[in-house]
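Naming follows writing order (A, B, C and D), and every chain is counted from residue 1.
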Amino acid sequence: MDPLARLTEELTRPPFNAWLGLRAVTVEPDRVQVALPFRPELAGGTDPYLFHGGILASLADVAGYAVSAIATGGRTPTIGLHIEYLRPASPVDLIATATVRRLGRSLLRVDVEIHADNSLVAIARGNFTNTGGAQ
Amino acid sequence: MDPLARLTEELTRPPFNAWLGLRAVTVEPDRVQVALPFRPELAGGTDPYLFHGGILASLADVAGYAVSAIATGGRTPTIGLHIEYLRPASPVDLIATATVRRLGRSLLRVDVEIHADNSLVAIARGNFTNTGGAQ
Amino acid sequence: MDPLARLTEELTRPPFNAWLGLRAVTVEPDRVQVALPFRPELAGGTDPYLFHGGILASLADVAGYAVSAIATGGRTPTIGLHIEYLRPASPVDLIATATVRRLGRSLLRVDVEIHADNSLVAIARGNFTNTGGAQ
Amino acid sequence: MDPLARLTEELTRPPFNAWLGLRAVTVEPDRVQVALPFRPELAGGTDPYLFHGGILASLADVAGYAVSAIATGGRTPTIGLHIEYLRPASPVDLIATATVRRLGRSLLRVDVEIHADNSLVAIARGNFTNTGGAQ
């Protein structure tokens, strides 16, 4: 499957991913970008409207999983995720950029940065299982 | 506001929390339990159905925020969250138990454990801002 | 090798461990306790004397590695470590308690708590590689 | 105090830092580089000799503290540190590069990368307290 088709499948097939309304932006062998438009159900605060922290963590998880799956060609269950919130996330399109930092025999280390317009709102780091043995 | 009413408000007022369908289980001054019933939109995998990792991260964030807010009496924006996935989360009621480990002048450290039936499926640790100065 | 001998070997054979001056306290199949007496070279602050944060991270790493090695019977290189500092660590004997939370096929999740006298000064969580396949 | 003098002081005044044998390499307002030459007491493994994971965590903590102290002009106690080990760290000079990702009113988020020659051996992320209110 070509990488963009694979990314699109990852973003739309799992039910919660489909509900989020994710969109593939760019795909490279070790880097993907994913967009998530705002809508009110994704909010934590409402005065003003801001994205919920759990939505940002979900976006980081999905983007990290997707780049891992594309880099290895297999399934890559999340081992753990560490996210830090740097600024409130305004109700615009979020862009998550996930980059493989290390593809090891048994796990991948992936960094994810999330921007709202030009503001860096969260940085995350995840470990994903390499079930296929690609290295 | 009494603690159970405060917890219920935290679980239902933010739009994404309301969508999740969270339910207050127990409230103590430094410990809360929150339940999240399964439904297909919360799934990552579908064969078999399993909770999405982002849903578990969201549940940990909400439970950690809630116990922090109850312990301090104020707003407690999430600084960062670290979650580790120990086992697949079967499509049953999840129970998140959030416990304050340290209430400091400027931030709280909170541990969250998530069970699916009697199986420990995830452990999380979060930092939350103490905006009210309770210590 | 009996578990206490194995723990003692882990605490004394690696050169930096030997320099630290670690001492085995208790050993169970999935839990060990390690003591570290203060001496001035282990200090960060000097007015008053306090243990250096890097020493606490090192102690957490060593205790987590040791319980993993004992639980699996093999080598268990550290994948990652997350430590949070809760209180200043006074110049007394530190006691680190490392507990296996999950022994999986490819990695172990370990929690470590560090006390200075009766004060909980740091909590850590580490992932260690299961090279032996014990599960 | 000029930034290089301040960095040198941070690397040599705390007793454990002095024992490590750290050396200032570069200083910018939000980025510092620190070198740590190998010697056998800093080893974990001995066949072959490799740096101990606790030494890398200590180096990340010191470099993150130093860039925070320089950026704020005050003391910046470590709140928490998350380190991931990507490759074995060969017995050469380590170079830690610490960069401020966000200077907030109450805390700083700092990324640290550690290289051994041209190999990226560890990535770390720390939170440090902003005691001076610089923002």
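Simple rule for what comes next: contacts are C-beta pairs under 8 Å (C-beta built on N, C-alpha and C of every residue); 3 or more make two chains touch, one makes a residue touch a chain.
A quick note: this is a predicted structure, and the numbers were derived from the prediction, not measured.
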item	value
Of all other chains, the one whose Cα centre sits farthest from chain B	D
Selected interface, A-B versus A-C, where C-beta contact pairs are more numerous	A-B
Length of the line joining the C-alpha centres of chain A and chain B, rounded to whole Å	21
Where chain A and chain C are represented by their mean Cα positions, the distance between them in whole Å	33
Junction residues of chain C - those touching two or more other chains	79-80, 82, 84, 127
Footprint of chain D on chain B - complex, ascending	79-80, 82, 106-107, 127, 129
Chain A - residues contacting chain B, complex	13-17, 19, 40-46, 52-55, 57-59, 61-62, 65, 77-85
Chain B partner contacts - residues on chain C that touch it in the complex	82, 84, 86-87, 101-102, 104, 109, 111, 120, 123, 125, 127
